[in-house]
Amino acid sequence: MSEKNMDKRKGNTFNRVILKLLGNEKWQHLTIPIFLIFLSFIAASIIILSLGKNPLGAFYNLLQGAGILPKPSYAGYKSMLTDFLSLLNYMTPMIFASLAVAIALKGGLFNIGVSGQMLLAGFFATILIGYSELNWVIAKPLVLLIGIIAGGILGGLIGFLKYKFNINEVVSSIMFNYIIQYVLSFFIHSYYIDPVSRQSKYINDAARLTLVNVELINLKMDISIGFVIAIILAIVLKQFFDKSRIGFEIKAVGANSKGAKYAGINVGKTMILTMVLSGIFSGLAGVTYYLGYFASIQPKTLPSVGFDGIAVALLGNTNPYGIIGASFIISIIDRGSTYMSSMAGVRKEIASVITGMILLFSACSAYIQYRIRAKKDSLAFMAGREAEE
Amino acid sequence: MYEYIVEMRNITKRFPGIVANDNITIQIKKGEIYAILGENGAGKSTLMSILFGMYEPDEGEIWIRGERVKILSPNHAAKLNIGMVHQHFKLVHNYTVTENIILGMEPIRKLGGLIPYVDIKGANKNIAELSKKYGLQVDPTQKIEDMNVSLQQRVEILKMLYREAEILIFDEPTALLTPQETDYLLDIIEELRKGGKTIILISHKLEEIKRVADRCAILRKGKLIDVLDVKETSTKTMANLMVGREVSLEIEKKPAKFGPVVLEVDNLRVKNQEKVEVVKNVSFKIHKGEVFAIAGVAGNGQVEIADAIAGLTEIDGGSIKLNGVDISKYSIRERTIEGISYIPEDRQSYGLILDFSLGENLALKDYYKEPFCHKGVLNKDAINEYGNKLIEKYDIRSSLGVNTQVRQMSGGNQQKAIVAREIELDSPLMIFVQPTRGLDIGAIENIRKMIIEERDKGKAILLVSLELDEIMSIADTIGIIFNGEIQKIAPAEELTTKEVGEYMMGVTA
Amino acid sequence: MDTLIIDGLSFALPLFIMAIGGIYSERAGITNLALEGLQGFGAFFGALWAVVFSHFFNIPIQKLFYFALLLAMVGGMLFSILHALLCIKFKANQVISGVVINILSMALTVFLTTQINSLVFGALSDKFQIGTSVRFTVPVLSKIPVLGAAFKNLYPFEIVILVIAIIAAYVLNKTRFGLRLRACGDNPHSVDAAGVEVFRVQFKAVLISGALSGLGGISYAYSISTNFSPSIYMGYGYLAIAALIFGNWKILPTLGACLLFGFARSGGYILGQMLEMPSTFSDLIMTLPYVLTLLLLIFFSKSNRPPRALGEIYDKGKR
Amino acid sequence: SKETGPAEGDGMKIAIITSPNGVDDGSFNEDNYNGVLKFIESNPGATVQAVKEPTGDPAASVQAVADIVADYDVIITPGFQFAGISSIAVENPTKKFVLIDSFPEALDGQEEFDNIYAMMFAEEESGFLAGMAAALETKTNKVAVVNGIAFPSNVNYQYGFESGVNYVNAKYNKNVEIVELASYAGTDVTGANVGGNYAGSFADEATGKVIGNALIAEGVDIIFVAAGATGNGVFTAAKEAAGDVKVIGCDVDQYDDGIDGDRNIILTSVLKVMSLNVERALNSIKDGSFKGGNVLLRADTDSTGYVKKEGRHQLSADTIAKMDEAYELLKKGEIVPAANFNGYTPESFPGLP
């Protein structure tokens, strides 16, 4: 009996601590994800411990590998700065891809075809500009432009098929993913293959959206131009959805398309526009991936970041700033894992398991928010009653 | 033996930010018809949901047939022989009547004595019999999506009877019915009582309560105000008790002064999704300063006419002229700009965006105009300021003002928000479909007054209503529709309620 | 011609059974993008236990064919608990839950396969070899001209799938459980009001989708590679979703969609062989099923209607 | 597996980076890893760390090398994906690199590097042995080779295989036919049609199976499979085939992949002997004789060969005798099978009687 009471009290203090930490609604959009990431790492720690390795060391190595903490030694021309810059380079396509997913979600659409749109955009930019002799001043903007156009057109087409023929965007996106993957593989293998790397031939540096091997203070850095653009566009997008008329219309169609139609919004046009926008961001993800982080295209492979973006978009609560944060965290895990696996001797797959777990927990964040709210209400009510008595 | 078949003692139920039921005690005798009356959001549905096991009360006890019970789920309630017809029907739209009724209590037979299956055929027969016994006239094999609301409601009633419910709860059963259907339903209710059932009836309509109920509990803002003996109380007293002030439904109406024609509908034809012509060569005119009402039984094409004028439905033929301009090819937005306000029938899916804030919803029709939007950028402050103005003017109640998510608001207040927005558009033509549906009398009074005010300001008003009183009390001209065709158009004073009713049934056609 | 039918069927039927799993889940109102992960995990689980049993009890692995099928269904079902919990208990966004499960399934099975291979079998491998399945030909029926090919060179799993599919169709359309399940996808409130626990029905539906996906996964493991390896994640789960949407969430039309995929695929190979196109063109031929689907969708999508309450998080209070 | 952290003390710190299947792929990567393990066995002070790069993308693979290069003395990089390590090697002159199955990418015209030991293998020799084995063992007198994509390494295998069959036909007076499906003809990197059976992918098991079935339907009973994961599909087809169809494995001993219940479909496997050469390279680093450079390894260093270990093949003694005879000629350079770019053709190469 008394034990039970004890338990209850213990439970209560635990509850109170959690409430204290997560209860403030103003900060919940930050505190809850951080809490969940923390939980994921605890779960991962248990796995690592059970393999007989030191989890803290492993996580430390993870951060070192990602360029967040300094490594004990660096290779020639490398430092924490170069590692950090390559982290940013790596996360650029992820930000764009997640934003693409988020835009569609806001408009009530599910863009599962981000990978296909990325591939298409990357392909056209590669063959049209990547192999040309254009000066960088012209080449780089053109690469972006082609990414925007290719992604936008394909996204728009998916929207159009939905609007005109009621073809579910999930189905058409999946079909396009396959078609693009195979058709482009044909063209790459037929015309653009590099027999050594077995991928498309490397593009010229002038067209690359990442400045590679920039020599500075005896370091060779990879500076991602795309990253800067991604951050700027994320900010623009946030304002767009908060303040702009079109953003309002997209959200209205997403929340209730009948209501939006009644309000005089052209639902079909808005839907297509949403997909065009989403496609544009996919296209940007594509060019920063294939002509930024990489410099060639692996045939018949869809970039997995197009799918990861779905989860990242959610982890970031479809909020552009949240997405930047979520991409940052997932990228750290991805990028740091090679070094972690090398230094701590834990398998690299642990990293994907951690990522999976973060995503898993974050899928429950709405529930946690709801529980906290309920808990708070009942506590407030109890307090109110005690005061009455 | 027990004195009361149902006793709810000291029930309290809180929702975040509101006490929906505050220490309410009601006692219901076996075989009586017990009415519950109250303003929108007074807590009627909540109280009954508790009795039906959908919510757990925070405090209080429930006694059924003299025994203390905890009703944990609707299933549990059903076992106690309690049945409920909800305000929003709980029907599976692509199932047949039978499938809906047997759901949860499926009769099972075995194929070859081994493989179980649901015996639909047998159930069809049973339900046909049941329906006949209570005179409900329902075809068990018809699909719900093909039925009108009145029929759907009878399915809900059959559902309870099939479950052998003894205590039947009706939550605003007549809100969607025509007068004839209402009469029919009330007959059924009396029939059921004769059969020994106990009935709890939530309604905003005092005449109905007066007609069938024995006693009536009055709720206001979550509290029980009084329980009255209906036979000895006037409707007026009931109304006043409920709202907490004097109300009158007699609208003072100055004689109409018609101006030039505002809306001219000529030979309008509309087909529905199944390509069936539901509006057939309809023509009429509405002038400045005129309330033109379309009377008709639900599902006879009146909503399609309204949708067609507002641009929500494509037309199949004919023309629609607004102030002499043919707008039949215009987009919805262009029509709004040209001068149409529209209160749609289905306010939750069309009238509002439930996940948006009240402020945003109040600006839903002009968010893109100055001062709400400047060069494509929205001005939140202007939108909120406007919202606050409307909230004040139309007495829209909500917990967080302009920032309330509309989904959280009570149905009546959602309706008020739509009315406010559409009237404030100040359009020359205002289309009101069922503008007072589900509202309490106080709110009804206000809205009808506003409609008349708008008329007097020189607006042309198209009113579509299923409620004959409403039509009789505010219309200047009445058009009666049956089966997609206008049967008769005449000044309101020249028609009696009875005549209109007959035209509505197509009797005099 | 024979190959067209034989290969077409052996590809279409596993796809079909996964799609039926998807139909169960989605008709109950739970969006299921997790089919891809579920089939992978199911295949992993079935292969794992087949290998373990054959290793420790010295049973020839071919004898464990039905055992592997069964365990794959169990595995798919176990993993689907995750989707059910997330969607039903934790009210997570169902689309996201599906995607997360796919990511997790892939990470977990690859990790576990190598780990188990090295720890349990002392072998370094990312595969579980499950042996070939026998194939058989139905004596008389296979002699029918043209269509007889449908009875030639069958995998036993094709029969298992057909039997289960028929049962599944019966259960969905004729039984009490099916009636309640379909009602959940259209209007869960009505189910609740009828005194049936919506959550339970949905939970079972998701578990069934897991079991059926597992069956589909292990079938592919047998018919394509005779092993479990990460290459099981070929996107067929997504294809199954496309098929069921194409089939308008109904079992028979979905079978049509799956057969279309299957025959377009085997037909593509045959076309390539007949036209003697060099191997570089095989990529173009591979697009045939998808292009065909898109074209057909243009004509057949107009009346497509998902279950009304699909993807909605069911909340009793919300009306 | 051995997963030790970097060593304390001054033993040699070795890293092996693989993509994407890891050192326990039971195949290519594992063979290289075994070479390292052998070296450690005799030099217990040395340690190895296996690192996996999961995408298999060249840029990502090179990036993975860059991530860890600072912490090791020797980096083993098996696979063409790592051809791009040249710049890392230049930037880290004190580190040693062993690149397998590829030469490093040229950097400003420089093709060989002091600290990269890059080895490639004469695939045509292995292919030649496979062709011999197939031609000598076939009962239907129909054999075939299945490849992934017509990259030089694959064409070398194909031409070598055809050379081997032709050699047997000429020398032992047989009439073995090489079956090619016109629809899977390969186009090599110069755009020339090289025939053969190419799946068009290294990772498409389903297509592999279709090709396998088509060949078996043509009466082929021995198939040489040099097609990466696509080959698994061919194996499946062979396992399911009613008759007595066998396959010849490639690169490493694939006997375990051939198990099908109580039988095995692997006739033999032809090898790139990587473990031995990795071990040799490590030894040279240890004793200071390490020399960077690009080498093409042949039979003369026992770097190509085939499996004749008891219980890992199903060749007849007679076949082995004949193959060993030819192997000696390969060693001496008296037989030079045709390769993609060595100027010979399967119909005409040195050593063909």
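We just call them A, B, C and D in the order they show up, numbering each chain from 1.
The rule is short, and it goes like this: contacts are C-beta pairs under 8 Å (C-beta built on N, C-alpha and C of every residue); 3 or more make two chains touch, one makes a residue touch a chain.
Quick caveat, the model's predicted, so the values are computed rather than measured.
Farthest from chain D, judged by the mean position of CA atoms in each chain, is B. Chain geometry summary: the mean Cα position of chain C and that of chain D are 36 Å apart. Separating the centre of chain A from that of chain C, both taken as means of CA atoms, is a distance of 28 Å.
Spacing of chain B relative to chain C, judged by their CA centroids, is 45 angstrom. Shown for chain B are the residues in touch with two or more other chains, of which there are none.
Touching of two or more other chains is recorded for residues 114, 280, 283 of chain C. In chain A, the residues that touch at least two other chains are 189-190, 300, 347, 352. Of all possible chain pairings, those that touch are A-B, A-C, A-D, B-C, C-D. Against chain C, the residues of chain D that register as touching in their complex are 1, 21-26, 30, 149-150, 181-187, 193, 197-201, 203, 205-207, 209-210, 213-214, 217, 229, 232-233, 235-236, 239-240, 256-257, 259-262.
Within the complex formed with chain A, the chain C residues making contact are 33, 82, 86, 89-93, 95-97, 99-100, 102-104, 106-108, 110-111, 114-115, 235, 238-239, 241-242, 245-246, 280-281, 283-284, 286-287, 290-291, 293-294, 297-298, 301-302, 304, 306.
In the complex of the two chains, the chain B residues touching chain C come out as 54-55, 73-78, 84, 86-88, 90-95, 99-100, 102-106, 108, 115-118, 159, 407. For chain B in complex with chain A, the touching residues are 14, 16, 310, 312, 331-333, 336, 342, 344, 349-356, 360, 364-365, 367-368, 373, 376-378, 380.
Of all residues in chain C, only 170, 174-176, 179-180, 182-183, 186-187, 189-197, 308, 316-319 touch chain B in the complex they form.
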